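First subunit A sits with subunit B, and in the next complex the same chain sits with subunit C.
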Partner chain A sequence: MNWLALRMLTGDRSKYLSLILSITFATLLMTQQVSIFMGIVTRSASQILDVRDADLWIMDNKVRYADEAPYLRSNDLQRVRGVPGVEWAVRFHKSNMTARLEDGNFRNAIMLGIDDATLIGAPHSMVEGELADLNLPHAVFVDKSGYEYLWPNEPFQLDREFHVNDRRVVLKGICKASAPFTTLPVLYCRFTEIEQLLPANRNVMNFILAKPTAGSDPQEVCQAIEQNCGLMALTQDGFFWKTIEYFMVSTGIPINFGITISLGFIVGAAVAGQTFYLFTLENLKQFGALKAMGVTNQRLIGMILLQASVVSGIGYGLGMGITSLFFTFTNRLAPMAGIHMTSIAATGVGLAVLIIILLTSLFSLRKVLFLEPAVVFRG
Partner chain B sequence: MKNLRNAFLPLLSIGMFAFSIYHLLFAAEKLPKTSPPVAPPRRAFVTAISGAGLIEARAENVALGTPVAGIVLEVCVTNEQLGSRVTAGTPLFRVDDRHLRSQLQILEANLILAESQFERIEQMPRPEELPASEAKVKAAEANRIRLKDLLDRGEQLLGKKVMSEEEFLSRRFTYIEADQQWEQAVAEDALLKAGSWRPDKTVSRATVEVAKANATNMRNEIQRCLVRAPVDGQILKIDVRPGEYVDTTASRALVLLGDLDRLRIRVDIDERDIPRFQPTGRATATVRGSSGGSPLQLQFVRIEPYVIPKKAFTGDNTERIDTRVLQVLYEIAAEQTNIYVGQQVDVSIECEPAKSDEPIEARPVVE
Partner chain C sequence: MPAVLTSTSPAAVAAPPLAVACRQIVKVFGEGDTKTVALNGVDLDVYPGQMTLLVGQSGCGKTTLISIIAGLLNATSGALSVLGQDLIRMKGTPLVKFRQKNIGFVFQQYNLLPTLTAVENAAIPLIIAGVPRRKALATSQEILASVGLENRLHLLPSQLSGGQQQRVAIARALVHEPNLLVCDEPTAALDAQSGQTVMQLLRRVALQPQRAVIVVTHDNRVFGYGDRIIHMDDGIVTQVETPDHTATAPQPLSHETLQHRGHETLEQSSIVPERTP
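== the complex of A and B ==
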């Protein structure tokens, strides 16, 4: 009987294809939009994720997200070091600065200042240059896409001189860094260089990176830091989600993407539902004949559900594949770097497709279940 | 054939799905945790307070200045002597003293003048003058006797009315004059023999003392131009070269001296950590940039009981001050190489665990 159902489905090639296409399209639209949304929102916390050698982030206790952190007093570092459960703590700086290039153009850039002695928070993979070169005087590193942004269509060339905050810096390395939210170049330099670049500032440390001692609970260490120093301490995950939350609540990004995603769902559901309904109507005679031959309603429900799941399974598979292909190719472009399909998108859209297919089958089932077998003989 | 055509879409879909699983697994590769490029300073004790420390020489670094302003004429220690031991009194550098030396010559000449004047007064009367004076007395006396004789004779002649009264009176007045001249000669002789007047001698002696004091003063001034090591120690830094102008403001240390046999660490402890600080706690220090290796063991020396504003060592001309710190001195227990005075270290000091019922400290919203 299942074989009959499948023959029925593939018998009408145009309907079969349009059913698959609608599900494919809906899957593609939703997975792609959900993934891009997640990728872009994650980018707002790229600099947090890029620090892979420290577990705890310590900052002013009113900080809302990573780009908005006031400077701490330099002695706070020593106080954090004295908190029980802290293995080590080092200073970290993050701010936006203006870089003026050789040709007079100027670009905003994200400046990260890392502890001179330990280089904690430094980039881990270099495209050009050595990590140790960061110790050279006035040395800065730039991320790869930042280089392409600052000097478009130019080959990688080190020892370029340019100005940051009207002070000379020398490019000593090109590194890999996760793309930031605003496609700005990410510059790295040592903390003492930052102090030279921001002479007017009383303090230049806005974050402290720390590691809890082995065996201690990071959450407890965070609480201890908050109690002892009055500073906010977060795990990398905690800070990541705090920053994401800020972007979710304070920007229009979730609404925009939400609209596209629900459009994908509605269009997919409408097209698939309509086509499947028409397909069932056209095959009503066959269902009537089967009913007349004494096939039970349960059997018929099974047939329709089988047809629906085959169509949705094929469509879902194709949609997922196209999305993956899309991201595989776009990953090489700077504006889309680091954005890939997420498992949350895949499972979520899977559930959405399941809902679409259940809804559409429901309409068709109603028609078949209330069908008079005699209808076959009327026309 | 038809079966194949029917199977095409499902097979393609399964293939695509498999690819998407592969994409999910490998594109979303979570970056692994890494360890820092250089090991950061670790806490040495379970409960500890931490502070930034600066290495200094035992008995502190002695930053030498100059007592006089001027151009440096010569530097007596060379850079080759940096780190070598000098004893107290070793000449270090000389500020221009040529004008003082020429003034000293004048003052010394003045002293000689005063001394010889004093000597001249002291040795009066001059022996050669005495016979002449005595001869003068004798001559006056002889003249007086001669005229007295003439007067006596005139008196007899007047009685005999042989001589006129006018002539007699003339002889008499001539005698009185000669008598006075004799008395004058006797008095002058006595004055000469008495030598110089005592108050004159005192004045002259005082002039000599003044000249002597002036010369000594100038010699001291010249000595002040030569700066010497005030204590035994090693030369840490020579920041002065011949021809440079130096003045008496303490803006920079011209020569830095210190005792390098034992190094000490001056630790800044945040004022908010002072309640937890205990001098008895063990302490260790980690040199910045040292990866691995055991930290330096420290011995407590003393607390400087005045809490001072913390200075951040930025190298910038505007120092940043953000809090006040208690300075505590520790001595590095063991002999160490490769550690230098002025180096920054991170210090960890053991302390009692904080009581859990301590109130949470409120952090000021605006600093």
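== the complex of A and C ==
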């Protein structure tokens, strides 16, 4: 009977392909949008994830997300270092600055200032140059995508001079960094350089990065910091999700992507559902004949579910394949760097396709199960 | 209610066991203002080895009666024995299995699966019965050869003429060797010549000593092929006719005439109706 079900399905090539293409399209649309959504939202907190040496982030207790942190007092660093359970704590700066290039063009950039002595928060992977070169006077690093953004179509070249906040800096390294939410270049320099770049500011430290002592519970250390210093202390994971939550709640991103993903689901369900339903309706007489000839309802359910599974399996596979190709291609483009198909998107969309095909099958099955076999005698 | 009913004919003692025995079959559709009495106490005997024609005007209850006899529709009341089984009491899976094993169907609109070839279509009852596909297709090939379609095995229904499609349908109805063959207007969708060919084929291939064939028709040109003709009107049997075959048997058209008309012909010697004594 499986053979019969598959022959019925594949015999009508145009409908068979329509069914597969509708599932493929729905899969492509949903997976692509879910992945881009996840990629963009993750980007909003990518600088947090890039700091791999510190487990705790300490900041003003009114901070809502990573890009909105007021400067702390310099003695806050000493107070945090004095909290029991803190092994070490270092300064960290994050802000937006303007870079003016050799040719007079200027670009906004994300500036990260890291502790001079330990270089905690420095990039982990260099494309050009050495990490130690960050200790050179006026040295800055830029991320690879940022370099391509600042100097498009130019080969990597170190020792380029440009200005940040009207102060001369020298490019000493090109590194890898996660793409930020706004796709701006990410510049790294030492904390003392930041003090030079922002001379008017009394304080330029807006984060303190810390590590709890071995064996201590990070959450308990965070509570201790909050109680002793009146600052907000979060684990890296906690700060990541706090930032994500801000973007989810306070921006239109989830709604816009949610609408597109929902449309993908609805269009996929509607097209696949309608085509499969019509396919069943057109074969209703044949199903009636099969019932008359002694095919039980259970067998008919099995046949329809098999047909639905084959269509959804092939459609889902093709959709995933096309999505993979899409991201393989777009990952080479700077604005799309770091956005890739995620396993969560693949699993979630798989479940969505399953729901689409089950709903579709149910509608079709209803017709077949309540079909009187005597219908075959009605001309 | 006995499981096996006896014949009501005067010659019941000498007659073979009944294939189908209907007693006071009533079928009512709807209720209240929409109530329709389709069958109003039908008594009917069908014998194995015979072709029984069920004839009458449209709406007289022929299709309802064969639907009940074939186990596709429940009677409102009455007694029904088919091949020795009480079909009124048989429900659900046993009834489906009974149909699967014992009844062959030929439909007015053929109801072939459009995506299956002739040989695959004819193999369906065997596939349903769980016969391995290869064996089912081999058996199907043999039966298609017996209806003259050995050269059309791998064509789709859309590539066959109406008459050829009906022959595939007949092959499909016989491939699992059922003891009851139910044909609903098998000639209605065919031109006169193709209709004659199909009826000749039914007599030649379908009629076996142990098999009963019921043909519903209102095409009086094929009445001559029946061993018994049951006339129905307004939901009851009005007349049972046993034609004199030697007087009424239609003469098949000659090979030359068929060719002249552009019809595909069966082997002439094999399509002459075989008459039961």
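Just so it is clear, the second predicted complex is superposed on the first by the 379 of 379 C-alpha atoms of A that agree within 3 Å, B and C clash if a C-alpha of one lies under 4 Å from a C-alpha of the other, contacts with A are read in each partner's own complex, and residues count from 1 in each chain.
The rule we apply is simple: a residue touches a chain if its C-beta (ideal position, glycine included) is under 8 Å from a C-beta of that chain, and two chains touch if they have at least 3 such contacts.
Small disclaimer: the values here were computed from a predicted structure and weren't measured.
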item: When subunit B and subunit C are modelled together on subunit A, clash or fit; value: fit
item: Contacts of A:L4 with subunit B and subunit C, given as first, second, both or neither; value: second
item: Of subunit B and subunit C, the chain that contacts the larger number of subunit A residues; value: B
item: Touched partner set for A:G230, first subunit B, second subunit C, both or neither; value: first
item: Contacts of A:I20 with subunit B and subunit C, given as first, second, both or neither; value: first
item: Partner chain(s) touched by A:D53 [first = subunit B, second = subunit C, both, neither]; value: first
item: Contacts of A:G294 with subunit B and subunit C, given as first, second, both or neither; value: second
item: Partner chain(s) touched by A:V90 [first = subunit B, second = subunit C, both, neither]; value: first
item: Which superposed partner A:E148 touches (first subunit B, second subunit C, both, neither); value: neither
item: Which superposed partner A:E128 touches (first subunit B, second subunit C, both, neither); value: neither
item: Subunit B versus subunit C as contact partner of A:I314, first or second or both or neither; value: first
item: Nearest-approach distance, in Å, of subunit C Cα atoms to those of subunit B in the combined model; value: 13
item: Doubly contacted subunit A residues - partners subunit C and subunit B; value: 10
item: Of subunit B, residues touching subunit A in the complex; value: 6, 9-10, 12-17, 19-20, 22-24, 27-28, 31-43, 46-52, 268, 270, 272-273, 276, 288-289, 310, 312, 314-316, 318, 320, 322-323, 325, 346, 348, 351, 353-354, 358, 360-363, 365, 367
item: Residues of subunit A that touch subunit C when the two form their complex; value: 1, 3-4, 7-8, 10-12, 283, 285-286, 288-296, 372-374, 376-379
item: In the complex, subunit C residues that touch subunit A; value: 63, 66-67, 70, 72-73, 93, 96-97, 99-101, 105, 107-109, 111, 113-116, 120, 124-125, 127-129, 133, 184-185, 188
item: Subunit A to subunit B touching residues, read off their complex; value: 10, 20, 49, 52-55, 61-62, 73-75, 78-79, 81-82, 84, 86-90, 115-120, 122, 124, 131, 192, 195-196, 199, 202-203, 213, 226-231, 310, 313-318, 320-325, 327-328, 331, 340-343, 346
